[in-house]
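Take a look at the structures below.
One chain, chain A, appears in both complexes that follow, with chain B as partner in the first and chain C in the second.
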Partner chain A sequence: MSTARRFDPILLLAAPAVAYLTVVYGLPLLFLLGRSLLGAGGVSAFAGFFADPFSWTVLGNTVRSAALVTLVCLVIGYPTALVLARAGGFVQAAILVAIILPLSVGVVVKAFAWQIVLRRDGVVSQIFTGLGIWDEPQRLLFTETGLVIGAANIFVPFMILPIYSVLKLVDPRLGEAAATLGASPVYRFFKVAIPLSLPGIITGIAFVFSMAASMYVIPSLVIGDRFQTLATLTGRSFLFMRNEQLGSTTAVVLLALTIGIVVASSRLSRRLGGAA
Partner chain B sequence: MDVLSARPTRRSLLSGAAGAVSLIAAPSILRAQTKELVVGGAAGHKPWVEQVVVPAFEKKYNCKVLFEGTRSLVNLEKMQKNKGKQYMSVVQMDDPVMILAVKEDLLDPLTPGKAPNLSQLVPGSSHMEGMWANYLQPWLGVAYSKGAMKTPPSSWADLFDAKYKGRIIIPSLQNTEGLPVLFAAGMLAGGTLEAIQKDTDAGFKKLVSLKPNLLTIYTQQPQAYNLLEQGEAYMIGPAMSSYALERKAAGAPIDLVAPKEGVFAMPSGIAVIKGAPQAELAFAYVNELLGAELQEKLAGPTFSLATNKAVPRPAGLSADVTIHQIDWANVAAQRNDWIKRWDREMAI
Partner chain C sequence: MTAIEKIAGWLAGLLATFTVVFLLTPLVVTVAVSFGSSAVFTLPPPSWSLRWYEALARSRDLWPPVFASVKLAAFSTAVALVLGTLCAIGLLRGQFRGREAVVTFLVSPLMLPGLVIGIAMLESFRAAGLRDVWVSLVLAHVVITLPYVVRTVFAALSLFDFTLIDAARTLGLTYPKAVFKVLVPSLAPAFLTSGMFAFLASMDNYPISIFFTDAWTKTLPIQMLQYVEESPDPTIAAISTLLILLSIGVLVLGDRLVGLRRMADL
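Take a look at the complex of A and B:
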C-alpha cells in the first residue's frame, strides 16, 4: 500500500478539472463564506439568524419538505429500480427511457403541468372524490403536499438510477440461495435485497435530499410566496431585499446542511459497501 | 413593471456587450456616422419599444437604438458595475428601483431645457427634483374571472368576502404591483392613504384576515393569470392594467374593474444615466417618451395612463375614478421591513 502514496503522474490529468473547479466553484464559495462572516455583524450574522424564530421555521420547512420528497422518491424508486435490474432487453430499455427522458423536460414546464393535475377539478381530485375517499373536491395546489408530489416527480430518477446500478451488480442467485434455505419473500427482501443495495439507497438519498433542500424554482412555482425555504430566502435576500449578508448567511447554512448530508451518507455508504 | 417574468437573455447580453465594445473600439469618425443609443428596460417592454418607439426615434434622429430587456434590479446592477464607464444611456425602470439608483448617484437629472416635454406632464410625474419621470402609468384594479363570477367585483373589500375561500390571488410584496395590496387593506381598515402608507400596521392586520381566501401569492405574473383564466382563481388583486387588459384583448375570459375606493398608479420611470454615452441623444429619447405623440400611441396598446396632459384617459377607466399615487420613497425606505413581516404573517 505504501507505494500508492508515491506521486503518480497520472494525477496531473486531473489538474485542468481541479483548476477549473477552483476558479468557478471554490473561489466564489470562499467569497460567499467571507461575505457571510465579514459583513457588518461578523459572526453575529449567524447568531442573529439562529436567534430569529422565523429562521427556524424556514430551516424546518427546508428539512421537512426535502425529507418528505426523499421518502416519496425512495418508496417509489426502490421497487422501480428492482424491476429495472431484473428486467432485460426491450423492457429494461423501455423503463430506462421512461426514467431518463422526462429529465429533458424543463422544471418550469413540469411545474405548470402539476398545476393542472393538482387543481380542484384536476385528475387527482376527481379520482379521490370518485373513489369516495374525499367528500368533495379538494385543492392540492399550493400546499406542501402538492410541493412534495411535484418535487418527487422531478427528482425520482436520481433515486432510481444509483439503486439500479448497485442492484444490477448483485448476484440474483443470492436471493435464490436464501430461498432454498427457507427464507420467505418478505424475509429475503429485508435481510438480503435491502442490505445488499444499501450503498445505492444511501447515494440516492444523498442526491435527492441535497437537490430537494436546495430547489428554488419548484417551490416558487408550485407553492408560491407563502412557503419560504433556505433557497428561496437566499434568492429573495439577494434579489429583492438587497441584503447580501443575510443571503450569504442563508446560503452558507444551506451549503453546510447539504454538505453534511452528502459527507455523512458517503461515509455510511463506504462502511456498508465494505461490509457488503 | 414586469420585473419578474424577464430574464437577461444571452442575446441581450451579447448585444449590450457588442454595443459597449463598438462604442469603445470604433474610431470617433465611425461613431459620428452611426450614433448608437443603448436603452435598458424591462423585457416585457421589448415589443412596444421595438415596434413603436425605436422606429420613430431612429428615423427622426438618424441613429440606432439597442434595447436591452431585462429586470429593473438587473439594470441597476449593470449601472452600478459600470459606474464611470457606462455603455447604457437611458434606463426604463420602476420607481422603487429608481430611488435606489438616485441614492447611488447613477442618474443625470432631467431639466425642461434638455427635455422640454417635462413641463407638459401631469403633476407628480417627475420625481426627486427631476431625477426621473414617469412616461406611462399602468393602473391597478381587480381582475376577475368572467366564467366564475356572475357579478363583477366593485370594491377591494370583495377580495375579503368569505364566499371566495381559496379563490383569491394576490401579488407578492416582492413585486412592485404587490405593494398596493397593503394600502388597499389599510384603506379598508380605515384611515387616509397618506397615513396608512406610513404606518402599515392596520393594513397588515387586515391582510392576515385574507389568508383563508388565498389560493396563492404569486411572484410570477403569467402563472397567476393562468389560474384566473382556467377558473381555479376568481380574482387577482391588485392586477395590472397593462397585463390583465392585454390578456382580455387576446380573448381570455377575464376582465379588470376599477374598485370604488379607487385604483393605484404603477410607476414606469425613465431616466438618463450619469456619464451616459450620447447624452444629448439620451435626453432626446426621454423627451420623445414624455411627448404626447408617442404616449398617445402607447397608452392604448399598454392599457396605461399617459402622463402627458394632452393625452386623454384610456378606455376602461371613467373620469370619476380616483387614481391613487403611491409615495414610492416611503416604499423604498420601508419595503424590507414589510417583506420581513409579510413572510412571518402571510406564511401557510
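Take a look at the complex of A and C:
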C-alpha cells in the first residue's frame, strides 16, 4: 500500500450533492451561527437571553418534555423491539405495519388526531371515567401529559427501529451461554441483553430526544401558546412576533442542544461498538 | 424456562400489544371521525355519513395545496434520487479519509431541528436576493429528501459486490450496460424505499416549508394546520384519511416489491 494518495475521479460523482448541501444548507447554518454569535447583538443577546428567567422556563420546558417523551418511548419501545426481534409471522408483520404505517403518515394528521383523542369528551377521558379511574371527564388536551402522550406516539418508531436492528444481530446463544454458566434471568438481562443492545438504545434515545426537543407542530396543536419550548418560541419569534434577534438566539441554543446530543451519542455508541 | 422469564415474556408481549394499539390510535380515530355525521369530533359518531368527503370535494382551499405538495414532493424526490445515488457511489467507491464525516453531514438535515434549518435558509436566500416561492421550496425540499436517499443507497451499496460488474463485463457487456443490468436492479429496493420515505417526508414537511410559502402558494401541511386552527371540522379528517390511504397504498406496494422487513431497515 502506498501512502501517497492520488485523486480518485470516481469521487467527482459525490461532488454535486455535497456542493449542493454545502451551499443551500451548510453555509446558511454557519452564517446563522456566525451572525448570532459575532453580529450586532452578538454575545449580549445571549447574555440577555440567559439573564431572563422566562428563558429558563422555556429551556426547562424543552428539556423536561423531551426527556419525558424519551423515557416513555424507551419504556414501551424496548419491549416492543425485543418482541419484534424474536417474533415471526403474523406478530412480526403486525408490529412492522404498526411502526411503518404511522411513520409514513404526516405529523399534522397525527397531531390533529391527538387533539380529538385528548379532549374532555375524547376517547381517553371516556375510557378512564368508564373504568371509574376518573370521577368525571377531564381533558388532557392543553396539558403537558397530553403533549408527552402525543409526542411519544409520533416518535416511538425511532426508538424501536434502532434497538430492533441491533437486537436482531445479537446471537441468542449468548444468553443461553450465560444461562449455562449459571447466570440468573435478571442478571442476564442487565449484564448480557442490555449491554449488547446499548448502541441501539443510545441511538434511539438520541433520535427521540433531539426530535422531541425540536418539535413544533405537536406543541402548537396539542398544548397551545402558554407552554413555550425553544422550538415554538423560535417559530413564533420569526413568524408572528417579528423578533428575529430573539428567534436567532433561541435557534442557536436549540441547534447547540441537538448537535451536542447527536455528537455525544455517536461518540458513545462508537466507543461501545469498539469495545464489543 | 423459569417463572421470571415467563412473566418477563408476558410483560414484553403486553407492552408490545399496547404499543401497537397506541401507534394505530391516531389513524383509527381520524378515519372514524371522517365518516361521522357530526360536525364536532364525537367518538363514536352518532351516525355514519360521507358528508365530509362531499365537503372536501367541494373545498376550494384544500386542493391547490394538495397539487402543490405532490408536485413539489415528486420533483424534489426525483432530484434527490439522482444526486443522492451518484453521491453514494462516489463516496463508497472513492478512497479517502473523512468519509464518515461527509456522510454524517449529508444525513444531518434529518437530525437537526427543521425550524432552525428553515430560518438559516430563509436568511441566506433573502441575502442572495432569492424571493421566488417555488424555487425556494424546491431548494429547501431537496435538502429534506436527499438524506433519505444517501443513507439508504449508501447502506445498500456497501452490501453490493462490485466484482459482479466486472464479471458481467468479462461476459461481454459494455460498462454502462453492466451497470444497468447488474447494479441498478440490485439497488432497486433502496431506490424504492428511500424514494417513498423521501416523498412522504416532503409531503409532510411543515417546519421548513413555513418560511417559504406565501398567501398564494401553500403546501398541504401548512394549509391543513391553518385550517385546523381556523375552522376545525371533519373535512380535515377526510383529507387526512385520504393521506392515510395513500400511505397504505405506498406500504402495500413496498411490501410487494421489497418486503416490510427491508423497509424497516432504515
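Here is the rule we use: the second predicted complex is superposed on the first by the 254 of 276 C-alpha atoms of A that agree within 3 Å, B and C clash if a C-alpha of one lies under 4 Å from a C-alpha of the other, contacts with A are read in each partner's own complex, and residues count from 1 in each chain.
In this section, a residue touches a chain if its C-beta (ideal position, glycine included) is under 8 Å from a C-beta of that chain, and two chains touch if they have at least 3 such contacts.
Keep in mind it's a predicted model, so treat the numbers as computed, not measured.
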item	value
Partners on chain A (chain B, chain C) - clash or fit	clash
Touching partner for A:Ser220 - first (chain B), second (chain C), both, neither	both
Partner chain in contact with A:Arg64 - chain B first, chain C second, else both or neither	neither
First, second, both or neither for A:Phe112, with chain B first and chain C second	both
Partner chain(s) touched by A:Asp8 [first = chain B, second = chain C, both, neither]	second
Which superposed partner A:Gln228 touches (first chain B, second chain C, both, neither)	first
Which of chain B and chain C A:Lys191 touches, first, second, both or neither	neither
Contacts of A:Arg267 with chain B and chain C, given as first, second, both or neither	neither
Touched chain A residues, chain B compared with chain C	C
Contacts of A:Thr143 with chain B and chain C, given as first, second, both or neither	first
Which of chain B and chain C A:Phe240 touches, first, second, both or neither	first
Clash-bearing segment of chain B relative to chain C, given 44-52, 62-70, 152-160 or 314-322	62-70
Set of chain A residues, in rising order, touched by both chain B and chain C	112, 115-116, 119, 121, 220-221, 239
Complex contacts: residues of chain A adjacent to chain C	5, 8, 10-18, 20-21, 24-29, 31-32, 35, 75-77, 79-80, 82-84, 92-102, 104-110, 112-117, 119, 121-123, 126, 153, 156-157, 160-161, 164-165, 184-186, 189, 207, 210, 213-214, 216-217, 220-221, 231, 234-235, 238-239, 247-248, 251-252, 254-255, 258-259, 262, 266
Residues of chain B that touch chain A when the two form their complex	73, 100, 166, 172, 174, 214-220, 223, 226-227, 230, 232, 335-336, 339-340, 343-344, 346-348
Residues of chain A that touch chain B when the two form their complex	54, 57, 112, 115-116, 119-121, 139, 141-144, 220-221, 223-228, 236, 239-243
Sites on chain C touched by chain A in the complex	2, 4-5, 8, 11-13, 15-16, 18-20, 22-27, 29-30, 33, 41-43, 83-84, 86-91, 93-96, 102, 104-106, 108-109, 111-117, 119-125, 127, 139-140, 142-143, 146, 150, 196-197, 200, 203-204, 206-207, 210-211, 221, 224-225, 228, 232, 236-237, 240, 243-244, 247-248, 250-251, 260-261, 263-266
